[in-house]
Amino acid sequence: MQGLSEAAGLVGTVAFAATAVLAVAPRGIDLLTACVMGVLTAIGGGTVRDLILDQPVFWASELSVLWVSLLASLVTFYAYRLIARRRVVATLLYLDAVGIALFAIQGAAKAWWLGFGLPLGPILLGVITAIGGGLLRDVLAGRESLLMRRELYAIPVTAGCMGYAALMAAAPQLGNLAAVLCIGLIFGFRAAAIRWRLRVPDWFRLEGDRPEP
Amino acid sequence: MQGLSEAAGLVGTVAFAATAVLAVAPRGIDLLTACVMGVLTAIGGGTVRDLILDQPVFWASELSVLWVSLLASLVTFYAYRLIARRRVVATLLYLDAVGIALFAIQGAAKAWWLGFGLPLGPILLGVITAIGGGLLRDVLAGRESLLMRRELYAIPVTAGCMGYAALMAAAPQLGNLAAVLCIGLIFGFRAAAIRWRLRVPDWFRLEGDRPEP
Amino acid sequence: MQGLSEAAGLVGTVAFAATAVLAVAPRGIDLLTACVMGVLTAIGGGTVRDLILDQPVFWASELSVLWVSLLASLVTFYAYRLIARRRVVATLLYLDAVGIALFAIQGAAKAWWLGFGLPLGPILLGVITAIGGGLLRDVLAGRESLLMRRELYAIPVTAGCMGYAALMAAAPQLGNLAAVLCIGLIFGFRAAAIRWRLRVPDWFRLEGDRPEP
């Protein structure tokens, strides 16, 4: 179980770094920018979570996260033509979905066990863990941030964290089961969004044709 | 006094969240983005302040801030047509002025009583507490940040925090009086700016027609 | 040695604040925005470093950094016409190079002596210390961030921090020598980039003409 979780974490880290390089590359980047964007995307969300929880920043003692995200950024940079192919990109998107599912619930669980602002705190920190790195990447690269796009990305994460908080409030002794269920829920929801190109439905949106008040 | 301050804090929180949703809505947002923007705008400034002061993040023990900002975001999203009317927006702007006045001086006072880098530290942290959440919102939404606009927003806040630091240095035993005076100063200055559409005067500016050096 | 380092730190602080005001001024700013941008650029990187290292934020006990950056911002604002001249700007760019060289190695050394995620942690934190404030300035001002430009800015910093980590791993007892050497390396590399307008070479880049995958 522990081993499986660590393996999934490394897969998610690779996917975060690689998709970050792919996302930023169309604007023209050098090797260093690729590495910085890859590493910051992989560690950014968890770093902000740990600062808010007043816990030691996770990558100081889990240095593999830095090495793996660095290596994934380098490989994506040098093998850009191979990796930017449609099939590889699609695979990376699904692996990225593994990453956001795992990191969201890990973040929510860390906050929950610390009793940090239950029940809203863990939901907020789970979302920050999963998408904080991507937001940082978008802001530094001058891209429209993922919060402003119609892609279903933050919504599956939030739904899963809300489900986790509800299950933990109902049955805290089944923590592991709740975690596995909600990781599955986020991954399934996000994978469906990738597979069928689902977008945020209109009834869930305010349209942007209104003048700024 | 304590009760009044808490009531004003909730009013400010509601106004921060509601104006954030109104500011971002013209770009087209979904319900989740509205909630995230509303909550981050309400808690962002105080969170950065607490991290810098190395104090526990305030909303972990004041969970009402999360609930209230979440609720205000939801209501603003679903009642957008009602709330985006001129009268309601104007009212919200004045309530937002209550919020920045209160949060600025609360932030400056927290830093002052911790003896954090007197006298400049409390001024800087007061400004960060009041406008940090709005800056985060602007950056994540891809809007021009409030520091780059001609609206009189950060200037009243800074003037009030400077006044507070001066009064505290002169007469620390009159802390409560200084706080009340400077909250009034910020609110009055900002309310006048809203009422008469005051803008940063030219003699206080460098014009933007210069080539980048 | 200590005195020399402090003097160089103040020179770097002045240069960070002044170049920040120069960089943002073409968009039109008021006096307050100039001061905020100048101060945040000077202290931003070191602040993020200290938060991640869980150390007290450096400027709370080194208040001179706030005063000096504030003063430099004020002078640059009011003497804009004098300071925006080509000769003065060129001088400031070289002084800024002194600043990034010194702050990068100071940041890396602080992380190294705390044993923070060796050897990658000190490299990452050195880079964050040197360029974090500039990134914050670019994001708040809505400029293209320095990571996305072809200027050789982050690359000399990273090369110097990597060299420092390598020297410290090989011969930790020669820490001061390693620091001096790597400060010289960053400054020399960056100064050459300014002098001969070096840009990131093509073999180190991915061109931006690719469609976003």
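So that you can tell them apart, the chains are marked A, B and C in the order they are listed, and the count of residues begins at 1 in each.
Here is the rule we use: a contact is a pair of C-beta atoms (placed from the backbone, for glycine too) under 8 Å apart; a residue touches a chain by one contact, two chains touch by 3 or more.
Source: prediction; values computed, not measured.
Novice: Note the rotational component of the Cα superposition from chain A to chain C, reported as an angle of 0 to 180 degrees in steps of 5.
Specialist: Result for this pair is 120 degrees.
Novice: At the place where copies chain A and chain B touch, is the share of residue numbers found on both sides over half (same) or under half (different)?
Specialist: different
Novice: Can you work out the whole-Å distance between the CA centroids of chain A and chain B?
Specialist: Here chain A and chain B have centroids separated by 29 Å.
Novice: Find every residue in chain C that makes contact with two or more other chains and list them.
Specialist: Counting only residues that touch two or more other chains, chain C contributes 51, 139.
Novice: Show which residues of chain A lie in contact with chain C when the two form their complex.
Specialist: 22-23, 25-34, 36-37, 39, 47, 51, 56-57, 59-61, 63, 66-67, 70, 77, 80, 84, 86, 89, 139-142
Novice: Could you pull out which chain B residues touch chain C in their complex?
Specialist: Against chain C, chain B makes touches at 51-52, 54, 116-117, 120-121, 124, 127, 135, 139, 144-145, 147-148, 150, 154-155, 158, 200, 204-213.
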